[in-house]
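Quick heads-up: structures coming right below.
Note that chain A is present in both complexes that follow, paired respectively with chain B and with chain C.
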Partner chain A sequence: MESKYYISAYCHIKNGAISVNGIPDFKDDTEAFAPFAKKAYYALKIEHPKFFKMDNLGKLAFIAAEALLKTEYTQEIEENIALVFSNRSASLDTDRKHQASIGNMEAFYPSPAVFVYTLPNICLGEISIRHSLRSENSFFIFDRFNAEHLMLYSNSLLQEKKAEKVLCGWVDFDAEDYEAFLYLVGMEGNIENSIQEINRLYNIL
Partner chain B sequence: MHRIFLSYNNIISNLGFDSKTVVDNIANGISGLESIENPALLPEAFCASMISSEKLNESFEPLGNPMDFTKLEQMMILSLQHTIKASKTKLDDKVGLIISTTKGNINVLENDTAFPKSRAYLSMLGKTIQNFFGFKNEAIVISNACVSGILAISAAKKFIIQGKYDKVFIVSGDLVSKFVLSGFHSFQALSSSPCRPYDKSRNGINLGEVASSVLVTVSDINFPTEAVEILGDATCNDANHISGPSRTGEGLYRSVIGAIKDADVQVGDIDYISAHGTATSFNDEMEAIAFDRLALTHVPINSLKGYFGHTLGASGLLETIIGMHQVDRNVVFASKGFNELGVSRKIYIVDQNLGKELKIFLKTASGFGGCNTAAIFKKVNG
Partner chain C sequence: MSDLKEELKAKIIDQLNLEDVSVSDIADNDSLFGDGLSLDSIDALELIVMLDKDYGIRLSDPKEGRKIFESIQVMADYIEAHRTK
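Moving on to the complex of A and B:
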């Protein structure tokens, strides 16, 4: 099937490095995610205090969206940009923290600030708030990156005019392993929104 | 132009292990909510609808060894088994499988379970269901808070229209677990008595565990009487707060407008609204504001949370299925737990079973993360 839609920008975050459209944007040799995220926050001049309340998955998704959208848009974002994200671990990183707070009836201290992040789609909410995106959202869980279903879903949203653009991808955080790959699909761009091209970009680094 | 339908369906709940039994119980005003004292789940007594593990194991035994499957897997497999069998569908490569859940097998994170912690990965839940039935396509899991159930219907429709599948089975489910109970307890969002959606004295949610399944299909032959056509749907984020709903109901408002546009209907065509109605102060008020803005105050509304509790990732699908059966029977069931209107807009909450000719209904849901989803369905028969 001939794809009428195109990828106009993409972003990777992995191993302490952020790159946009294949070009390195920020790098830090810190091994742990939390200090890396903090440094990236300042390097990208994000200025969003609630960032520090987010869980790891939230921070990862937020920074990736910020790096990509900042490059793509210099003015305020006015377009209807849908968010279609996916991962393997859902919110397990935070789930384990919540579980630890309730594991022992003698030390039972569940916290709403942690519990709210025990859903993978919360990061979509954080990005929506930041960029005022009142748009379509979906969060899928796959065993591994699934270009086909992301393509089908984003094509559908664009064809049915439920979105002008779709920010899609994979944002996964599990123990200390993290990986983000986001790309923006719309009517214009240099790269076809096809399974082959999406996978090529995913594997580019 | 593709016409997409919801067809055979099943519900596994403590109100019954098949849709008809469950719906008959609701018609008779019977709720599955009960007061439960189980310190292993929550230090204080709580109100919830839970499925007896004994009854579940007994029903599951003809299908497989209950020791090999978690409680949620047994619930989902039992439900899906029924739906696949009733529809007489051969699971070829044009048949898809979507699973909607918020937390899946989250209880395996505890230390004393018979299953490895890796079972908590939702893709493992997907594989288990997929392999049990021999689906040729990989299970697609949707985990998007409390809108997951309706979002799964929307996703199924999209994948069918895009030509990937001709039919999609959706199975949804969530457990009443220590994990979720403690979480909502930390929000002080739980009510220890049966919940009272939209009522003046509402004071929080109850949880419920349920599995439900439905066949989404393009084919319009071989339908049960309660089959409906999916006319349209839309999802919209509030872009306001991650755990509280928008004060103006903006996301819900826009998603209903979007669904109406997608369905190519008018506001006046809607005969009944199956709303979210969780019985928290904020949610129910937000919905009232949104429905008022939409000029839907004259349309009968119920929340089904008074029969099942809040079934999280299953709620959207479960309540849509009950909607199908109400429309088939031309009756809007009483919004259990409702007595006196406790929201700032005069919405029409049905307080006893209402006989009415029903053709088109609206289902809405909202969830953590600011998500809102709306879908519009039309009766096939008559």
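Moving on to the complex of A and C:
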């Protein structure tokens, strides 16, 4: 069955490189994520000091959304864009840091700033605040990238008019292994919002 | 006292991940919240943990932090008067 919804833009972040619609946007040979994220922040001219307080998953999702949405919008967004994200590792990277801070009862000083990121969906809040999004948002945990679920869920949101567009995809971070793939679905675009096309885009990098 | 104030500025920058802020950017009487360094409620909790961990000061009421964290000067005065380590 032909979809009536389309993908208008997509973004990948992997192995120190950011690409938008398949076109390289930023690349850095730094192996570690933290310096890469910092360089990407300045290269993309993000100007959002709270970025540096985010955990790694939050930074990854934030940069991907920033790289993607800046191509679609030139000013502050107040459109009805829903967020549907997914990953495999949830917030495990930050969970481990929090666990390390509470493991020793003699030095029990859990960091509130770390603790607030022990939920993967916090990154949705960061993006919503940045882009003034007040619509539906969900974060799903899967063993692997699940194009079918993303397609069905985004189509449902659009059909039921819960949103005019849906920013969806995969944002995974664990122990310096990171990958982001986000795409924007709506009534307009050149790529059909189908399982086949979503998987094709996901596997481009 | 002067050393303590410089120490606090460095710790705040480091622990609260204040990018593009240096010790010399923070005056002793600058507001830490609001129009000053624009710290938020999570930062306030982080400072409460720092008082406990580094200076042995436990705040029984988090609301006490509002006054104590008014500026570096006020923080340093409070720490000097109450520190246990």
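Everything below uses one rule, namely that the second predicted complex is superposed on the first by the 205 of 205 C-alpha atoms of A that agree within 3 Å, B and C clash if a C-alpha of one lies under 4 Å from a C-alpha of the other, contacts with A are read in each partner's own complex, and residues count from 1 in each chain.
Operating definition for what follows: contacts are C-beta pairs under 8 Å (C-beta built on N, C-alpha and C of every residue); 3 or more make two chains touch, one makes a residue touch a chain.
All values reported here derive from a predicted model rather than from experimental measurement.
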- Task: Return fit or clash for chain B versus chain C, each positioned on chain A through the superposition.
- Result: fit
- Query: Looking at the overlay, what does A:Lys162 touch: chain B (first), chain C (second), both, or neither?
  - Reply: first
- Query: For A:Pro112, is the partner it touches chain B (first), chain C (second), both, or none of the two (neither)?
  - Reply: both
- Message: Per the contact definition in the header, classify A:Ile141: touching chain B only (first), chain C only (second), both, or neither.
- Response: first
- Query: Hey, in the superposed model, what angle do you get at chain A between chain B and chain C, Cα centres, nearest 10 degrees?
  - Reply: 80
- Item | Touched partner set for A:Gly125, first chain B, second chain C, both or neither | first
- What is the contact status of A:Leu152 with respect to chain B (first) and chain C (second): first, second, both, or neither? first
- Distance in angstrom between the closest Cα atoms of chain C and chain B, superposition on A: 7
- Item | Contact residues common to both interfaces of chain A (with chain B and with chain C) | 110-112, 116
- Message: Considering only the defined contacts, which chain C positions touch chain A in the complex?
- Response: 16-20, 38, 42-43, 45-46, 49, 52-53
- Item | List of chain A residues in touch with chain C within their complex | 38, 49, 51-53, 107, 109-113, 116
- For chain B, which residues are in contact with chain A within the complex? 39, 43, 102-104, 106, 109-111, 120-123, 126-127, 138, 140-145, 151, 155, 158-159, 161-164, 178-179, 182-187, 234-243, 250-251, 254, 258, 262, 367-371
- Query: In the complex formed with chain B, which residues of chain A make contact?
  - Reply: 1, 83, 88-90, 92, 95-96, 98-99, 101-103, 105, 108, 110-112, 115-116, 118-122, 124-126, 128-129, 131-143, 146, 148-149, 152-153, 155-157, 160, 162
